[in-house]
Every structure is written in C-alpha cells, then in structure tokens.
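First subunit A sits with subunit B, and in the next complex the same chain sits with subunit C.
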Partner chain A sequence: MFKLSLDPQTVKQWKRFRSIKRGYYSAVILVFLLCLSFFAELFINSRALIVSYEGKWFFPTYGKVIPGTTFGLDYDSKTNYKELKKLFKEQKEGNWVLMPLVPYDPFETHDAPVDDVLYTYGAEPPSWETQHYLGTDTLGRDILARIAYGFRIAMSFSLVLLVCSYVAGIAVGCAMGYWGGAFDLLFQRLIEIWNTIPFLYVIMIVSVVVSANFWTLVFVMVIFGWTAMTWNMRTSTYKEKSREYVNAARALGASNVRVIGVHILPNTISVIVTFIPFSIAGGIAALTALDYLGFGLQPPTPSWGELLRSGMQRLDHWWIVTSVAVAIIIVLLMVTFIGEAIREAFDPKKFTYYE
Partner chain B sequence: MFVLTRLVPGGPLERALNEAAMAASDGTIGTSFEHTGPGGSTLSEDQMEQMAEYYQFDKNPFYGYVLWLGNICRFNLGYSTKYHKPVWDIIRSRLPISLFYGVATLILTYGVCIPLGIVKAIKHRTVFDNISSAVVFTGYAIPSYVVAIALLTLFASDAGLGLGWFPLSGFVSSDFGSLSPVGKVLDVLYHAVLPLIAYVAGSFAFMTMLMKNSLMDNLAADYVRTAIAKGLNFRTAIFNHALRNSLIPIATSFGNNLSLIITGSFLIETIFNIDGFGLLGFESLVDRDYPVVMGIIVISSLLFLLGNILSDICVAIVDPRVKFGADGSNQ
Partner chain C sequence: MKLFDRPLYGFVVIGLCWAILHGCSTPENESSEVEEFDVFIAEEDLLPDELPLNLSWYTNDIDPEFASPDAIRGGTFHTWILSYPLTMRTVGPDSNGSFANFLRPIQFGPIAFHPQTRRPIPMIATHWAFGEDERSIYFRIHPDAKWSDGERVTADDFVFTLRFMRSKEIIAPWYNNYYTERITDVKKYDELTYGVRGADVKPELEMFANFSFGPRPEHFHELTDSWVRDFNWKPEPTTGPYHVATMRDGKYVEFERTENWWANDLRYVRNRFNPEKIRFTVIRDEHTAWLHFLKGEIDSFGLTIPEFWHDKAEASPFKKGYIAKYWFYHNLPVQPSGLFLNTAKPLLDDVNVRYGLAHSMNIDRVIQTILRGDYERLDTFTRGYREYDNTSIEPREFDPKLAGEYFEKAGFTSKDRDGIRVKMDDEGNVIARLSFVITYGRPAHTPRLVILKQEAEKAGVELNLEMLDSAASFSKMQKKKHQIASLTWSAGGFAPSYWQHFHSANASAEDKTNNVTSTAIPEMDELIMKFRSASSLEERTGLAQTLEQMVHDHGAFIPTFKVPYTREAAWRWIQLPEWIGTETSGTLINSQANSYGFSNGGLFWIDEEEKKEIFALKRKGEEMEPLTIIDQTYRIVPVDNPEVQEGQ
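What follows is the complex of A and B.
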C-alpha cells in the first residue's frame, strides 16, 4: 500500500480506512502488540533486565548465558535471577536486580523447595504475589508468558504462511488468467481436485507421518492451501487483461512478464489486500486447531492450542481456558475488524443501498 | 456448461484424490512399521510378512492402488485394524449422529439467516442493524471450536466460572435406554443445545451477511425501482421481485454445507465428545487405523462432489437463466 502512496486512489483508500475507527484502532493495537511480542524477552522473561553487581552492570536479557559464579553464587549453570534478587535484598550491599514485568519464561515450571525437596507445583490460580498474573498451567508454567510467546509464534506462522501461499496462489492465478486456454482449463480441474481434499484432516495425516516443526507445518499447509487465492486472481487478471492499457503495453513491445508484473499486478492489488486479514485469521485458527488436537507444533513450544487442550482437560482450573479463549477471541476479532475496514475502504460501491 | 465442467472431472477427480491419499497412507504405514520395529515389536517376521500380504504391500503401489480402487467401487472399504469390522459398517453406525447434527444445523442456519438478512437489509443503518452486526461479526471472527470451548466452560462445567446447566459431553445420557420416548427426545435435545450453537455460530455470520448484501444490491437495482415506481408497495417489491434474485448466492453455497457436515465437525465432536463421524476420524488417526482414515477421506470427498452437484441444482432452481446443458451464464 505504501509503495503506491503517491497514487491519489491509494491515498483516498487509506483515508477511508482511517475513518473507519473500529478497524483503524484494531490495526494500530495489533501492530503495536506484534512489535511488542518481538521484544517479548524484555517484558516476560526469567532473565533479569539489569543486574548491578559490585559496581558493574550486566544486561542478561539477550546474549550468552551468564553463569551463577559471575555474581558470587556457588553454581556454574544459568543464574536464577529471581533467587539472586532475593539474595541481594537480604545482603543489602548495594547490589540490585531489575526483573522484567513478568519474571517467568514460557518453559519454566513453578518449582519451590518444600522441606528440602524440590516440588513442582501444578496449576495455580492467578495471583499478584507470585507474579503469575494469569495463573499457571497444569505443569506450573506461567500462562501469561505462554500466551505472549504463543501469540508471537501464531502471528509469525500465519504471516509466513500468508506470504508463501500468496506467492504460489498469485503466480498460478495470474498465469491462468493471462494465458487462458488449455493451461487455464488444466489448472482449473487440478484445483478443483485439490479442493475436494479435506484440508485439516489431510494435514493431520501428514503430521502423523512427519513430526511437525514450524517449517514443515508451513510447507504442508502451503501445499494444501495455496489454491485459495487462485480463483480471485484468475478472475481479476482475466478482467484486467481485456482492458486497453494491457493492449497498449503489448503493442509497445512489453514482454509477458513485464505486462503481468508492472501493469496487471498493481491493478489487482486491492483483491490481494482485501483477503490478507482473513487469511491471517484463518492461519491462526488452523494452527490453534492443530495444536489443540495434538497434531501441530511439538511440545513444549508455547502455543494457544496446547493451552486450550490442557485447560479443557482440567475445567476446574478455569483460569487456563478462560485466559486463552479470551486472548484468541480478542486477537481474531481485531483481525476481522481490520479485514472489514479494508474491504470497506477498497469497495468502490459506497452507496448502494435503497433509499 | 458450468454443470458439465463440474461433472466431467468426477472420474479423474476421485482417482487423483485417492492417489494422494494412497501415497499418504503408504507412507504412514511404512513409518508405523518402523515405529513398532525397533521398539521391541511383538510381531515376528512371519507375521509381518503375513500382514504385508494381507494389506498388499508386497505388490507394487500402482497395482495395489488399482485393487483398492476396485474395492471402493464395490463399497468395500476394507477392514478396520482396530475394531476388526468392515470400515463401512463402522462409518455407517456413526453416520446418523453426524447427520442429525448436520441437518439440524442446516435448518437452524437457513431458518435464522435468511429472515435476519432480510430484516437487516431493510433496516440498514438502524440500531437493530448495528447491534445484530456486532453479534454477527463476533460470531464470524471466532472459529467454531473456540465458541464450543467457551460455551463448554461457561455453561456446562460446574467448576470455576461454569454454570453447569448442560451436560459436558456425549450424545445421550448413560441411562438413555430406560427413558420414555418423550424423555429420549428431550435427552437428545438437552445434549444438543451447546454443540448446535457452536455449529451454527460458524456459518451463521457468513450466511446472514451474504443474504443482507445481496438483497441490498438487488434493492438498489433498477428493476426494483421500476417496480416501486409502477405502484407496487415496498413489501411486494421485496418479496416478489428482489428476494428471488438475492437467493442466488445463497443457493450457490448450499452444497458446501454437505461436506461441512462431515469435515467441519470433527473439532466440535472432539470437544463435546460426540460419537459421530468426526470423532471417528480423529480417533482412527490417533490409533493409526488407516483403512478407516482412508474410508473417511473417500466418503468426505464424495460428499464434496455431491455438494457441488447439489449447489448447481439449487442454482438452476432459483435462477431461471441457468439451464442444464445450456450456456453457462452463471460462470
């Protein structure tokens, strides 16, 4: 959209999008959250933000693991900053630790020594005291941390999925609309066949065969999901192809690639942009469903679907299911609001109702 | 033309699909054997060979595929490795439950969406329209399984925030057999309330907005204006003129519901533990019961094809311009 920002049409559409408050603010919030989630380590992490020890400052958030001996502790392994904070407070030697807002990472179980035996807590309700603001899940991991990191994974998953399947779908769709004829017919039939395959079910079958990680899951979902865009691209390319400016470009000797890339594609951009939010929502929903059923990303990856499942198994721990469900609902609602706003902004028929 | 192009690929369509499925199943069984192999398998070499012969792994894939296809044509989907019963029998025993939910969803969706869409189109930009739009969008944004989970935690669970009004899972109560006929009907309905809401929530929003938008497009069209200018009252103009035309897009999507009944349902069936087609598919996948998995794929793609044909028939009924074998004016 910004690439063409000099185009008055685009400016108009952008203005209209901004005038639709619900969609515009959803977009602002969602982008903000997404940026925030890429720096989630600064807010939700078991590593300290700043440690001041004997006049020296340490920033352990990013970078290598700092062994406990650095801070005068008696172990070589990863420093437990929560313990360190307590220790420094007790010592009162001017050393201090600044922890992130939520001092837990998504994999860390809630351990505490009970009578000298390390005891892992199960699900605990939300509490300000322990700084588990949304409670812990059945393995004692912080839910807020898991939701935040799960959001990052779900969003990046659906963005990657979006790019991959759109590239494939747009390429094939454009080619079908542009060349038409036998090529078009062949691909029409192929796509119809491809569409009869029950999407989620086949992905489940495949992920039984290959143990799924992020990239294999994207790959499989692109393979079975790229057809979604082809129909729309085919029709709009078909429409644009018969316009005079295409003839003019060809008369000037432009190659096929140039006609498609420089002349036709920019004119079909509205179709593409309109579908993006809905594809993102679909991607998140599909990944969560797969994770819920246990065919998605491998545990212990933080994911919403896995949280949903563990919450469903223990409905008496209501805070698990409630917080994840609310998170999913809010994010998907925002994405849908954005989608509606974009659709309205790109809709040339502004006043088509009966008066 | 349109109908023809849909019907003709029926043959190669199934074949390609089966091919894909067969490849998948070949791969899966291969790995499942690997799983049992090193893990201290209880099967001896002999038994493995026997099994391989039974499932025709000893022959080449293409031959096996042709054989399998031949069996499909005779409604022989093979034997389930878990239940030791013909796959077709298992699927048939689960089908009524899924069908019950499917048909009930269909009736509810169309029964609610079409009138609601009409009212929304007529009362465009009023308070009623805005409020119902908000509800509809919420339903649209949230996938049906999240709706199902939310409903379950709120209304079925009796722990935490739950109200415990409805049963947690299942199609009927455990004492179903001892109930009176009226009690049986009530019991099924009692169990069906939450799953049905979840089912309807998914397709509901789409249908309502489709109905509203297409009716509004038609209301703005010249022929409705002409009808009103001619002296018809608004009501007649809508119901006699605009409504029929605006049903065309609804009819186009009608057939898709047929496959939605089966494939869209397995998440909800898993959540509510309803012993239907979808849950069978999920369980057989977990248990690596491949003949059942294959059978389900075959049947759901057949249903999809059937749905496409059904859509075309519906369009032909509603839209007088479409004739079978005539030119494809609806392309």
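What follows is the complex of A and C.
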C-alpha cells in the first residue's frame, strides 16, 4: 500500500507555516481564487448556464457557439442570452434562462440601445441594477469580468514564467555549483554579461516589432529572467556538495545526475521555495507594468495594466482605477504575506521563537 | 502648439512630407511616390535665356476678400507649445519639429490660394505666366516686397533658393533631392522677374502648388560647412507679417509684427494678422495648459476630441460665458481613413470576402458610442475635392445577413465552434477560416477596433488586433506584409491622388510603397495614367469619378471616419469675423498665413477693451450669457445629430 511519508522536517515546516495565520489564510484564499478563476466561465460570462427551450435543456457555457436561430431568434450569430432571458420572461411560455452571477464576458462592449435610448458614452458607475457590480470601463466592458479574467491571465503568466525560469535557473545554478572550476567561472561571466542587458527595453523593442502574445512574452522574460535563480542555487549547491552525505553517495558510485537530483536538490529546496512567492509577485507586476505601458498582451485581452491605464486617463471615472488598484494591492499583499510566512517557516533560526 | 487636434491625422511620415512642401507653398500631391530621374539636368530642362515674348500675364484682383474690416490691430495673442523648439531654421536637422508649423507660414510664397474660391491670389508676386512647355511658370515680384530686415526681395533671392536647397551644407537630403529632381531650373530675367521649370508636365493649378516656393534671403545666409550650427538660433528675415523677435530658452518664443510691413494693404492680406505679438509659451503638459487656459493666460484651445468638447468644456469659465465654444464645419480634402485590405493575401483576393468584410464592420456603432456621434462615416476614398468628388457612392453598411450572403458566395458556408465562418472541402475538413489580423500603429485606435472586432463576430468574422509601433506598423504595411491595415493617409492639394495608392507599379511587395491594398488592375492603371497626364479640368474630374467608382467596386478599402470640422474654445476677447471662418479653415483661431494649403489664417483679432471688461466681471463674479457657435455653412451632408440641432 502506498504510504505518503513526509520528511519530519517538512512536517514541522508545514506546521509552522500553518501557525502563521496571516500567510496561511492568504495562501488559502489565493489558491481558492486561482481555482475559481479557472472556472470563471461559470460565474462571469455572457453565455447562459442553462437554457430551457421548448422542453429541451441547453448548457451553452462551454462548447460550440449556439446560434440565435436555435432559440427561434432571427440571427444566426451567437445568442445574446441576456436578451433571450428578457424575451422568455415576456413570452411566459415556460422557457427560461439561467444566467451566471455576472452576466457579462470581458469583451462585450456597450449594450445595444434598447427602446431607442441612445448608446451610453464611455464608462458607467457600479450599479446593482445593470449587474455591473464594479461598473464598466471606457468601452462599456464589465470591470469585474475584466479583473477576474485578467487575474487568471496574470496568475497563469507568472506561474508559467516561474516554472520555466526556475527550471533553467536551477539546472544551470546546480551545474555551476556542482562542477565548479572553469565551467563555473565561464558561466558566472556569461551571466554577468547577460544581466547587463536592460531586459525591460528588450521586451519593449520585441513587442513593438512583433506583436507580443502570451507565449512570446513568457519566452522573452524567461530568456532574460532565468539568471536570477542561478546565484542562489550555485552557492547552496557548493555548500551541500562539500557535505559528507554527498561524498558518501559518490563513494557508493551514484551518478552525477543522481547525486544532484536525489541528494543535493531536496536539501536546497528551502532556498527555492522561499523565492517562489516573490517571483510570482514579480511576474504579475511585470505583466501589469508592460500592459500599462502598452507593450504587453494585444488588446482586447483583459489585463490589469490596461485597466489601470484607462483608469488613470479618466480619473473622473473613479471606479475603474479604484477597482483595479484595490485588486492589485490585495493580490500582491497576499502573495507577500505568503512569502513572509514561508520564509519564516523555513528559517531554522526562528524555530525557537515558535516553540 | 495648440491642440488643434484632428484625431484622424494619419501617418506622420506622409503628413510631414506634405507639411514640408506646404511650408514652401509647394504642396506636392504625391508626396511619397518613388520615381527615378537622372541627377544630371538635361538641356531641355533648363529655362530659355530670354523671357519668352508671347507670355500672357495673369493676376487675381476679383475674388472676394475674406477678412473682416472690423478687425482691430494690436494686442498679444497667447498660445502654447509642448516643447521648446530645437532650432529656428526651417531646413536641416531637427527643423521638422512642431514649431516649424509656425515658422514656415511667416514666410510668404509668390502666390497663395484663396480660401473660398481656391484660386491663386498674388502674394509676393503680382503677376504670373505659364510657359508653352506646360511645366514652367514665370513670376513678377511686387516692387514693394521687403524682408523684415528692410532689404528688398528680388529675383536673386529665388535663384538663390534653388542653390540653397540643393546645397549639401544645409544637410537636408530630402530637399536636395526634391529641388534637383523636381525643380530643374530657376532663372532671373530682371530684378523683379524670374521663372521656374519643373520636371513633369502638370495642369496649371498643380503647377502652382508644386513650383511656387517662397524665397530665401540671399543677403542673410552664408553657406559654409558650419551653416547648420551657425544659423541654428538665427531666425531668418521674413516676408510675412511676423518675425521672430524674442527667444527665451526653454520658456517662450515671441513673434512680432513687422513694422511697416510691405503687404499691409494687399487686397487679400489687409485686416488679417492683427495681433501685434504672438507669444508661444512652453507648457510641457496638455492638462497644465488647459488649466492655464481656464485662467485666461492662454487665449484659445482645441476641442476637437469629444472628451474635451463634452466633458472638459463644462468648466466654470464656460458656464459663466467668459469662454466661447466654436464648432465650425469646413470643406477640406478629407483624409482617407479606414481599413485597407491587402488583396495579395489569401481570402482577401476574393471580392466576395472583401464585400462581406465591409458589411461586417459596425462603424456606426463606434461612432455612436466612443466617438459620441461626433465623427461622421466616410463614404469614399477621396472627399472634399469639390468637383472631383463622386457623390453617388454610398458606403457599405453594417449588415451581418448581407455579409453572410457574400461569405457564402465565397464558399464559407459553415461555422466552427467559436461561431466563425469556415470553408470546408468535400470531406468535411476545414480549409479556410474567416480570421484576419488588423495591423495598426496608433494606441488611440484600439477602442475603435475593439468594438469593430466585437461586432464582426456577429457576421462570423474573427478579427485579431496587432498594434505595433507606428513606424514599424507603417513599414509592415508598405511592404504589404499585413492582412488588414487600419490607417489614415494625409490629404491635401487640389485633386485626389490615385497613382500612389492604386497603381500596379506600386503593388509589388518588394518595394515600400503606398499601395497597401496591393491593387493591380490593368484598366485602372490605364485610367490613372490618363488622369495624371490630363490637363483639362473636365477630363480630370470625369476620370477621378470613374476611378473612385472603381475603388469602391474593388472593395479593398473600407472607409471609416471623417472629422469635417474644427472645434475650438476661445476667451471672449478673441473676436472672429461674422462668418467665423472660410470654407477651408482647418482651424479658426490661428495666426499662420497658410494652413491646409490655403491662405486662411490670421482672421481673428484681440479686443483689449473686452479683455479688461471680462477680467473685471471675473473679479466681481458676474456672469455673461454662455456662447456656443455651431456653424454648418460648409457642411456637406448634414446628418441627424441631436447635439447639433440643440445647439442651434
């Protein structure tokens, strides 16, 4: 039978992490929000959750676009479920539509004019009635929807960025520390040279010449960001390498890969883990900054930076900038709390304080 | 720089060429065309040694005056610029900054164009005549014409201009080239008579526009290797109403009216250029400038952008009536603004797809929402050239059903899971999808394109936006690497230009050219060449209208917006003629002699008494009746706009 046996050290660290309430609850909330955001379509969407039409049930959230003609409407493009809901209510024929909590997707612009009322110009303040709970941006798009989907993109971006740059950084850093000598020296110099390239400018130039998408941005940021981890990994590998257990493993004939993978890496994990939250915060901030400056993802991708910029241009529409600023502050604050808690949990010196 | 923003301004590169030429009163119609000429100037390109005897001399003293006889001379006009100019030269390095827009018009050309009749009117020249070769033009200089330093303007100054513009010392390759390849000779016949010969045969009106450059003071310039440095802060003497009088580095530049200006009483100049001084204060931020304006430290401000007109101009000086709002429709050549479909790309080579796309673009919705109903739908490629316009063309309206019919004709009969139309082969595999990339270079266009993208989905079309840096995007378009380009060309001159945009000579992807639709239609080529060489107005207008129809039928250009007006705010002491402006007044409260190719500037004046009164009212907190003037005299097709009707 498979038995999950955790290192007692890890159990202790986990317990310590749990005991730091601020960080622990931040982690719980953030993970919860992240999971939730991956199913955002179920909560924030212009597609209905369920449509009951002439006794048949439809679930339009995921899957093929259902043309309006399916529900007896006069157009064959995607159904406007908000209008369908109204229509069904008026008709009272037993058909019904169940909309998500926020019946808007992040791309929908101004509502079409109803009853000859003119289009709205620009942003609308938060309103319970229109179900724009945080108002709309200057194009009439729901801010809550854009923040939620923007959160999903920003988080995925920083996680992907994190994994890619850590894999590269850890591999090179370990190799440098483990082999040392000329190899180490050569890579140190290479990384120093590489680090002098002002990478923000490179990203700007790249995104100006080829229009940036999610993966090109990740690629460029990894190319210039992987070096950050190498120094820490190099030093901790150096340290671990000279320990007895490594020598013992080598004496027993373990291969280099085994020594690094099985013996050294697990013992440097605390270094890696403590850096993770700050890297995530850095990733979110970088993407937001790029979007804010207009060098990020192509419009109309929902993005916090873009919201921040349009909010800053129209400070009289206070709800735009307020919503997105609060969102950014909360998320970065939570990530920082988690980071602090992890650092404390992994810090052997602090152990006595928590006894 | 005043914020006479025309949000549809197109690509700076093209606009600049146009502006440069206009500065010297030589608006070049096809500014960016690439042609090769021998640098060597052949015998037949030179003017005859003696003035031809059979010349018929013309002048124009019968067109109406357009300045108000009520105008009062005096006062200082306060305006603002975003940054301090880098030089006072109008050629050479750094001379194309925005301040050149003010420096160039204070030099007069031999003739200018009447802002109403659009006919030539005398300025430095009193008379003109055309050579038999249809590419040379002769001028007689006004005997009183003087530089602002008191020296007389003579034919030598014009001969010198050619030498000056061709000289390597001014470090201006573009001018070097233009004045070598396009202007082949300038000759002095006597003190006050000279001739200009150009490289190509042109109709008379365009010959004016191309060959009537202003003079450069020969007595002032020393063409040495250090000319660029030596003359950087030495403003040239001028022939126009103002000269640069004061420069306070980083703070302001002040123009002063030339004392006993020689042209004070010229028929088309009197009662114009009324302020004694014009002060351009450097204010590095638009918002700050606006605050200065509300305090009365700046006299006028541009309000063309909807946000300014509707929201910002609700401030208290407006409500109290101290500041007036003007909304003035003019009738200038409209800048072709829209989506250019690259017909060399797959799918877009099918005319049904192009028509379908045109019917998938909900341009009205963009106008009605983010543009607040202020912009108008552009109907064709060229507009505002009066008799050249083909007014029978209607733009293709947003109609997903009709779009669907066209797409079905093109074989796009089914839709994929995202609701985008696809073309299937016999085995049911998708072979093509209606998904296109729109390339553009101006961040301000993003909101408009986002709405178009959203709406196009209703017709089963996917549009992806690709915003690049403006130079990078323009380069991509000129190399025809785009699918759909969203851009605005500058417009000007007296006739539309088709060669650069629609002739097959410019359709190759090898060269950077302006035929961004890759249009190459033999019949069209033939007509374009005919149009270029035709000299009778009737023939030319007929051809232009046929060509316009062909452009429409080809469907590679989807026209979007036009802004056929200027909107400005000015303190009430700024007075305008009863008729507010002229048909070609691109801006109202400007001090430049020429703008948009016509002699329309300097019509306003400052009422010092009124100024004192308004400041007194302000102190006491008393109010005046708010004033908003909406003038639609020159509006072409009045459409329903509740705001406009309300205002009247």
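Criterion: the second predicted complex is superposed on the first by the 337 of 355 C-alpha atoms of A that agree within 3 Å, B and C clash if a C-alpha of one lies under 4 Å from a C-alpha of the other, contacts with A are read in each partner's own complex, and residues count from 1 in each chain.
The rule is short, and it goes like this: a contact is a pair of C-beta atoms (placed from the backbone, for glycine too) under 8 Å apart; a residue touches a chain by one contact, two chains touch by 3 or more.
Everything numeric here is computed off the predicted structure, so don't read it as measured data.
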item: Contacts of A:300 with subunit B and subunit C, given as first, second, both or neither; value: second
item: Which of subunit B and subunit C A:261 touches, first, second, both or neither; value: neither
item: Touched partner set for A:72, first subunit B, second subunit C, both or neither; value: neither
item: Contacts of A:193 with subunit B and subunit C, given as first, second, both or neither; value: first
item: Most subunit A residues touched (candidates subunit B, subunit C); value: B
item: Which superposed partner A:208 touches (first subunit B, second subunit C, both, neither); value: both
item: Contacts of A:64 with subunit B and subunit C, given as first, second, both or neither; value: second
item: Touched partner set for A:316, first subunit B, second subunit C, both or neither; value: both
item: Contacts of A:94 with subunit B and subunit C, given as first, second, both or neither; value: neither
item: Doubly contacted residues of subunit A, that is, touched by subunit B and again by subunit C; value: 208-209, 294, 316
item: Of all residues in subunit A, those that touch subunit B in their complex; value: 188-189, 192-193, 195-202, 204-206, 208-209, 281, 285, 288-289, 292-294, 308, 311-312, 315-319, 321-322, 325, 328-329, 332-333, 335-337, 340, 352-354
item: Residue numbers on subunit C that touch subunit A, as the complex places them; value: 306, 310-311, 365, 368-370, 372, 400-401, 404, 415-419, 443, 446-447, 449-451, 453-454, 457-460, 464-469, 472
item: Contact set on subunit B toward subunit A in their complex; value: 5-6, 9, 12-13, 16-17, 20-21, 24-25, 27-28, 31, 121, 124-125, 137-138, 140-143, 145-146, 149-150, 152-153, 157, 159-162, 168, 216-217, 219-220, 224, 259, 262-263, 266-267, 270-271, 281-282, 285-286, 288, 293, 296-297, 300-301, 304-305
item: Subunit C-touching residues of subunit A, taken from the complex the two chains share; value: 63-65, 67, 75-78, 107-110, 118-122, 138-140, 208-209, 211, 294, 298-300, 316
